[in-house]
Structures are given as C-alpha cells and as structure tokens.
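Dropping the structure in here first, questions after.
Lettered A, B, C and D in written order, each chain numbered from 1.
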Amino acid sequence: MAYEAGVSATAFTAHVERNRPLGAGYFVLEFAATCETGVADVVPGQFAMVRGDWGRDLLNPRAFSVFEAADSRHFSILGKVFGRGTKRLAAAVPGEKMTILAPLGVGFRPARAGVTQLLVAGGVGLPPLHLQAKRNAAAVGPNAVEVFYGGRTRDDLLLLEDFEAWGVKTHLATEDGSLGTRGYVTKPLVSRVREAAQRGESVELLACGPTGMLQAVRKLGLDHGVPTQLCLEEHMACGFGVCLGCAVPVYGEKPYRYCCSDGPVFDAQEVRWS
Amino acid sequence: MNTSAVDLATTFGPVGLSTPFIAASGCFAYGEQFAAFTDLSLLGGISTKGISPLPRYGNPVPRICETASGMLNSIGLENVGLEVFLSEKLPFLREQGLSVWVNFFGTDFETYIECARGLNRGQGIDVLEMNISCPNIKKGGIEFGTVPEVAHRLTKACVEVSEIPIVVKLSPNAGDIVGMAQAVKEAGAMGVSLINTITGMAIDVHTQMPRIATTYGGLSGPAIKPIALRMVHQVARALPGFPICGMGGISNGEDALEFLLAGAHCLQVGTACFAEPGAIVRITDELRNLLHRVGFSTPSEAVGKLKTRPQEPAWSA
Amino acid sequence: MNTSAVDLATTFGPVGLSTPFIAASGCFAYGEQFAAFTDLSLLGGISTKGISPLPRYGNPVPRICETASGMLNSIGLENVGLEVFLSEKLPFLREQGLSVWVNFFGTDFETYIECARGLNRGQGIDVLEMNISCPNIKKGGIEFGTVPEVAHRLTKACVEVSEIPIVVKLSPNAGDIVGMAQAVKEAGAMGVSLINTITGMAIDVHTQMPRIATTYGGLSGPAIKPIALRMVHQVARALPGFPICGMGGISNGEDALEFLLAGAHCLQVGTACFAEPGAIVRITDELRNLLHRVGFSTPSEAVGKLKTRPQEPAWSA
Amino acid sequence: MAYEAGVSATAFTAHVERNRPLGAGYFVLEFAATCETGVADVVPGQFAMVRGDWGRDLLNPRAFSVFEAADSRHFSILGKVFGRGTKRLAAAVPGEKMTILAPLGVGFRPARAGVTQLLVAGGVGLPPLHLQAKRNAAAVGPNAVEVFYGGRTRDDLLLLEDFEAWGVKTHLATEDGSLGTRGYVTKPLVSRVREAAQRGESVELLACGPTGMLQAVRKLGLDHGVPTQLCLEEHMACGFGVCLGCAVPVYGEKPYRYCCSDGPVFDAQEVRWS
C-alpha cells in the first residue's frame, strides 16, 4: 500500500522566493511560507494545491507534487507550461503571493534494504521521483533506487546531474533518440524487469508521468507480478476530498476512490483501467 | 474599525443562525475535512452533500472542468446514502454547534418521500433542503425542477411526511423561476434555496470530446452571480417575506451584501471553498466590516433594501 | 505553419460566407467605426444593431457594468430606425464585400411585420436576424422569446412578408431552447442564432442601487460560454442540419472551434470586440491555425463533429 | 463647442516603461508603443482605453485621460487606485504589455489671447487640465490659464511644482483644510468668477473631476453666463462609439449623446442634469 504522512495539511500563504527556468517550458518555483507548515514531513508523491492572486478567471488551484522541502517554511515545485495556470506560474516573480494547501494526499512507499525501487518518470512526472531518489539514496543507499526517465527530446530530461551527484543510476530514453535509448522509457524498463526476474532480484516499480506511460508500467508490473505504485493525475477542484471531482476508477467494493485523498499514489492492482 | 456593533446572528424562517452563511451543498461534503482547515464554529451552518435513500457512486471521470470565472461539475450526486449518513455523518455535524441542513433528493416521487421520511429519524437536523434540480439523473429528473405543477406535488408529498422544515432548492434552468417558487411555497415549503448550478458544457478541441464525461455539467462560481442575483431579486419581489437562501458565485463580502440587498435572508457559499477552505470565514469578516461601513447593524436590516435609482430628468425634446 | 490548406469559406443555409465569423448584433453598431481599427473585408459578415420601424433612443444611464468574465448591458435597443438605416447605414455595409445581416425587432406583431417588410426594400441584405428576446421592452416582449407557440406565430408572420431569409435569434432565458428552435423552424425560419444575452443583475453595495438603471440587463462575454455551448449542442442534436449561428463568449480560436464541434454552422463574436476592435481578425487566424492543427481543412468539416468519450470499463463490484 | 483632433485613434500595443507612484494611491504609468500612433497630436481631454494581459476576469478596458504625450510613441496616464482595474494598473511593472486604443474622443478647446481659462480639477480629474495648462502656458502665456485644484486632503494635490515651473497661478482647496482654502474648490472659483465679472474680464471654465464638482461648476457657469466645458465620465465598454453604453443625457433633438465619441468634453449648456 501507499504511504500516508502523519502530519496533516494546512492552508497557508507563501511568497515566491525564486523562479528558476529550466528551459523548454520547465520551471522550479521556490516558496517561502509565512508561517510554520507541515511540508518538511512531505512524503514523495504528496502534493500542494497552488493558486496565485489571479482574479476570478482561473478559479481552481493547480496541483503540483512537492519537489523539494528544505524545512517547514521552504519548499518548491517543478512545473511545465501547459495551459493558463502553468503559464501564470511560469511568469511568477519573486515576492508574488500564493495561496497553498499542502502537503496533501498519500505518497510513495519508502525503499527498504533488499528491494530495488525502479523509479519511472515521464516528462513532468519527475518531481516526486526526484525526491524519492534523493531521500532513499541518502537513507538506504544509492543502489536502493534506479531511475528510468523518458521524454520527447533531450530538453525534457532535467537535472540529470542530481542523480549523478547522489550516485543513482539512470536509464534515459527519448522519443527522438537525442539522449539515451530511442523510444519510450518502458523499453529499458522491460529489460531491467526481465533481468531482475532472471536474477531473482526483488524490485518494485514507482511511476509518475503521462497516462500512456502509466498504463504500460501498470501492465508490466501486473504481468510480472512486480509490486507497482502509480502516481495519478485527475482534474481537481479542492485537493482535500470534498468536491468528489477527482474520482479514480478502482476495483473493489466501490467503483471510485479519490485521487486527492486516497492517492495520488495508488497500487497498480487497484486501478480499474481496461 | 469598531465593528462590534454589528451582530451577524439572523433567522431563516423558524431557524436561528449565528451568521447568514451556510456552506453550500456538495462543496463541503459532510464537513469533516474542513475541520482541518477552518474553524467550523464560525459558520452559520452546513448543507450536506445531497443524500439519497441508497448510496450512489457517482458519474464517470472527468467530472469537473474549469471555465472563465466558473467551473462545470458532474459528480452525479455521489453520496453515502441515508443510513450511513444518519449513523456516521450526522453525529459529527450535530456536534459543531451550527445549523445542520441536509440536502436530499430521490429519483422519483417514492424515493423523495422515503428520503424525507428517513431523515426525520435523525436528531439535530434544522432544515431539509430538497434538491429538485438533478440534471444528472436520467429519468424525468428534469421535470421536478422545471414544471411548477410537478414541483408542487413533489414538495407537498415531502412536506406531509416531515416534521423538519423543508426548503426547496430551485433550478435556474427553469424558464419561470417565480412560478417555481410560488408553486413550492403553496405546497408548504418553508423557503427556497436558489440557485443551483446552470447546465453548461465545454469541449476539448484537441480531442474533440466533451471535457466532462457526461457531456453536460453544472456551472457554478462567480460567472453565474449576475444570473443568481437576478433570480433572487425576482422571487423576493414576487413573494415578499418568503425565506430565500441565496447563492451562486459568492466569493467576498460585497457579493454577500448584494444578495442580502436583493432579498436573500441567508446565503450559501460553494465553489469559493474549494480554492480556499477558509473562504466562508473570510467572507463573514468582510460582510461584518461592510455592514458596519454602510450603516447596517444586522444582516437582516439589509435584506431587500435595494434602493431604486432617482428618475432621470424628463427628456426635453 | 502551412495553413494555406485551410479554406475558411463556408455556407449558412443559402448564404455564402468568406469566413464563419459574423460581428454580433449590438457590438459593431453599423460597422463604420470599426473601419478605423480593423480590415472589415476580413470578416465573414456583420449583424447590425437591432433595427425597429421607428428610431429608439435607448435606456437611462448607467447602461453597462462589468461582472466576472462578463458584462451586463441595458442599452434599450437604441437604433436609428428603419428609414435612416436604409438610406444612411445600409449603403456603407453593402460596399464592404461581406455578408450583411440586419438584426431587427418590433414591440408587437404589427411592428415586427412592418420592420421585416420594410427591410425587404433594402438592397444587398443577406439575412434578417429576428431578435425575439427583448428583455428591455415592457409590453409582452418576454413572451416572444419564451413561449414556443407565440414565437411560431410571430416567425410565420414575418417569413410571409420577407423574400430575405429570416434567422430567429433565440433567448437563453427560455426554459426549453429546443422547443423554441423547433417552433421557429416549423414556422419557416431559415435558421437560428443563439444565444442572446442572459438576464442578470448587479448591485453597487455602497449606494445600494442596481448598477444599471433598468435593474436587470443582459449578461454576455466568456462567463456565459458554457451555457451557450450547451444550448447550441442541444438544438444541433435535436434538429440535425438546421442552420445554427452560435455565439456567447467567443474570444479565441479554441472557443470558436468548440462552437463548431457542438454543431454551429457559423459564429458571432460580440463582447470581445469592445476591448479589442481587431478581435475577430485575430480569432479568425487562430481558428485557421487550429483547424489545420487538428486536421480539418474547412470549418464545415468540423461542424457537429463532437466525439463521444470511450465508455469507462464496467464496474466490477 | 469642444475641440476634436484631426488624427484618428488607432489600436496598438504598448509596454509599460515606468510606473511612478505619487502617494495616496496615485500613480503615473508611462507607455512606449510598439508602433507609430496618433497620441502626439492628443488634445487635452482626449483619452485612452487601456487593458493589460489580465485574463478574462476584467473584461472591459479602462478609460484614462492622456496625461502627457512626448511623441508619437510615448505617452502616460495618471490614475488612482479605485477598483479592480486600477489596482492592477497600479501594480504594473516595466515591460508589461498593454493593449491601447488612443487618442479617443473630443477634448478641450485651446486657450486664446484675451480670455482666461479657469481650469477646475478635482482629485483624479487633474490629468487633462494639467496637460491643458502646460500646453497653453507655453503657447499663449502663463496668464492664459489659472488652475483651481481641490482634493480631500493635501495628499490629493499632486504635481503642484509643475504649475509653479510653468508660471501658472494655482488656487488650492482641501476639504480638511490641510492645504489651501478649507472646503470645496468651487469656493475660490466662485470668488474668481465674480471678480472677473466685476472687472469685465473674459473667462471660461474647463472642469474635470467628481460629478458633484462638475454639477457645481456647471451651475456656476450657467448662472454667470460663462462658457463652460465639462469633461465627463461614464462607464465604457468600447470607447469608440459602438456599444452605446456611455450615454450622456443632453438637451436637443435626441436625449442622449455619447461620452466616448461626442465627448468626454461637453458644453455645460448641453448636459441635461437636473
């Protein structure tokens, strides 16, 4: 099962401390909260609902995985320009005030000795796995995790130097072949999972990225009987379980659970995808 | 600013409220989650997610999407059902020291009546808010909310089985909102809530598919405020004194006062609570300050106090 | 991007249009002022300010106010009147090389018919757009726009005196938009325009007076787009093939394509032209690029092409 | 009659060059247009419709008198924080893109030798009269104009040093008496008009400011038979005569004329106010 933080989320105000563009529309926003918060205890995969002083046009806050949390007042998100909201966020200037709800939801299980976590990130699915890699490389050892990271082109593969610095092995893939394997990231992943099966090595899969990638990872995990956790995205209005907008189809007693409060990290076996 | 002179306590028909603000149905679930973010005791009341006799699991995804100053939803009236509500949700609500409004619905006459009767078994419910605008229910649902005669019969049937006052929540999709209000009033409704969401649609041009799974959804938020305010004003003028709970896009103290001036006796805030779980507490403060500034000492003093404009001088030509 | 493959020319019933975009009635006056800001020949057409048999001087001020992503107006159907229109305004319009739509109205059956007959004296008019939603006219105006049977009779009477095709502009305030469309279709309307503005209201809490002099006004702009789109889709599904001119909050190319996919054959842009007189030219370019990107080579290919969502896998429990 | 410019308005894009706060919520925004425009030929009283990249929430552009126009690419406005739009404008940062329509409408008549123009400004009604004073002090001589300038308190009376530099006489009034005469600006104005009548001096009144002030100036002008021009404000959606929203009640054949296209400067005799 996925892992829930002990500390509950709060609503708070934060100011943008830094807006760091990473090229190709990606950016890291660093926030300083105006009060103590629970973000320092974030579990990778947990997220923040973020909204600027945008008037009434963009009504709903936007969900972002917590990318990094230095202490109870400082955290960051990593985003990519997609629609109206991320366009605004990408243009945020230091000092700008944002309203935040964090840390929300249920994150990834931590690594443990003897099981290698294969972290599968596609595009903007990087942030929670970047944090998971960092945490577990430090806590359990660099070999406890391996990163599989795919994008359309080399510009989509960010912060590779971090993984190198932590001593974490990366398997890269780009659709245009400009960096790493040409094609989807599931290509090197499949080989790695097969290899592990042959060697009798215990692995588990943790994935975050586009739906197509998650579907492939889910199938791979189920086919090989490998424990698999997926970090899902659904449209959210509230982020804390009251609007019932972010339903995720699941197997079980009830047909839906909620991305924001039961997830965003779900066990692949639970997710009801055809 | 000395706003201590302003007393926000008010009444809605026979129901006492510590403030005019009720958390809108479907936007506060059963209240529990909000306790983490806001002080529930500062609210006037909570209207629950709509309850049906049996649990409902809701509509396929996607269920929501954002629009200009608004959002569409098609949750599908998902709820825990009457029995679980009474045993697991109502006790929590009852303990918060605020007015408990239970929003409910059925899929036909029988289930509406069954639900109203069942809820009368619950302790500490102040208002049954009967939702007759169920756009996402297939069978005949639309008639409850748009045909005055049908609404009249349905209301009457539920009023007959209920000790708890029934407030009927009207649909803005009705062509004649005044006719609807009149019909349910005559059937014994204690008051009306208006407005529910307005049926709308959005399309993702890249996939060429509707943005929400059920094609149509309900529009809420600031975008609909001018329409909501107009309907409140129409009903207030047509049925003086009849309790109206006004809502639709309220997101600050000025919005709230607009609804009071138009003739609403109490207010609900829905969509604004998603982006800001403390929205109602902020709006309450803003209303208190604003009432003080413009010279009202209670919300009820402001109800229906819309002034008429001075006539323009006659045209000389 | 090579978008030359996209040809924006289209048809609306018997009327040829160089692009699907018509400037919306009341938002472009009689076109003259826009010539200073934009190249009129790049438009598909212009719908004039609504014309009545006699000149009208409009409502008291204030006549407009801004709302969240929208605006309210109560201009009061001010216009130069039939005779001045024919002699002073029509010649200019006729020379712009675009489709000329004359929006018109009366205050009762006789004046509607008189106006339709009078406009038939004009040269170069492609469409008479009959406005049956006159919220600001006192006497009975509301029934033309909300009662299908009355709309049917009125349309029939005007169609009988007109050689020029009549397109009826429907009011979103009608409870049953499909019933209205059906009624005017059967009465001989060539098509329908929808939607007109939605009746709304705003209050200045500091003066406690309505923000516009007539208390109620018509809501337009992006706020109403989800409602407009839903109504276009409802009518398109109910009356396949019947020409629909869609409008309500269109402000960019994506909005325009949404309306085409929902089933509109051509489009009007109103409120967006106020803030940006070149809005229609920009939106036209955006639509051209977007059609190219998503793989349509003409606007008509996109009309009604909303895809249905794949069914969710069945629920296992 | 009021005076119309020969050059017609155009729609253009401009960038904020400078945002100069003047205290008490007042600010001057200096714009640089991305192309040649007609603003250099502005007549005082003519205005600009201004709109930022604000999303759809604030739909309509805002009207501002042209405050200063250095050349065909550079002009400025002087505003005061009032509601949502002016709040946004007050926070504008250099480089921010705005959409502009200018110069619009019909401005004030220029001064001529032998007639003293008494310029009556209340609060944010200053900009067109500031420009009128500057232009006419230079063209006709400093004595061609005198400024009557009123506000609630001394913080509302801006740029007094400019009038001094131009050699233009000012009569100041504040409601709280913190600067100049205590009370409304019409107090010194009434004395001045009486004095002119006694001396047989030709004067005319040009006023811009709150409606109450304009009503008083109108009455004064009509009572004393002094030619009076009023710069009016009405809610505007378009600014160029197509929405018909900005009607001004007038005497004459038709009950209304339009603030944006027939005004904003109207002859006091024409305005139909009770």
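Points worth noting:
We adopt the following convention: a contact is a pair of C-beta atoms (placed from the backbone, for glycine too) under 8 Å apart; a residue touches a chain by one contact, two chains touch by 3 or more.
Not measured: the values here are computed from a predicted model.
By residue number, the contact pairs of B-D overlap by more than half with those of exactly one pair in A-C, C-D or A-B, and this pair is A-C. Taking each chain's centre as the average of its CA atoms, chain C and chain D sit 37 Å apart. Rounded to whole angstrom, the centroid-to-centroid distance between chain A and chain C, based on C-alpha atoms, equals 46 Å. Averaging Cα coordinates per chain places chain B and chain C 32 Å apart.
The set of chain B residues touching two or more other chains comprises 57, 60-61, 68-70, 221-222, 312, 315. Multi-chain contact residues of chain D, defined as those touching 2 or more other chains: 56-58, 249, 254-255.
If each chain is drawn as a node and touching chains are joined, the picture has every node linked to every other. Of all residues in chain C, only 68-69, 312-313, 315-317 touch chain A in the complex they form. Residues 26-29, 33-34, 36-38, 49, 57-58, 60-66, 68-71, 73, 75, 78, 221-222, 251, 271, 273-278 of chain B are the ones that touch chain A when the two sit in their complex. Interface residues of chain A facing chain D in the complex, by the touch rule stated above, are 54-58, 84, 93.
Those residues of chain D that touch chain B in the complex are listed here as 56-57, 249, 251-255, 272-274. Across the interface of their complex, chain C is touched by residues 8-11, 49, 51, 56-61, 99, 101, 234-238, 240-249, 254-256, 261 of chain D.
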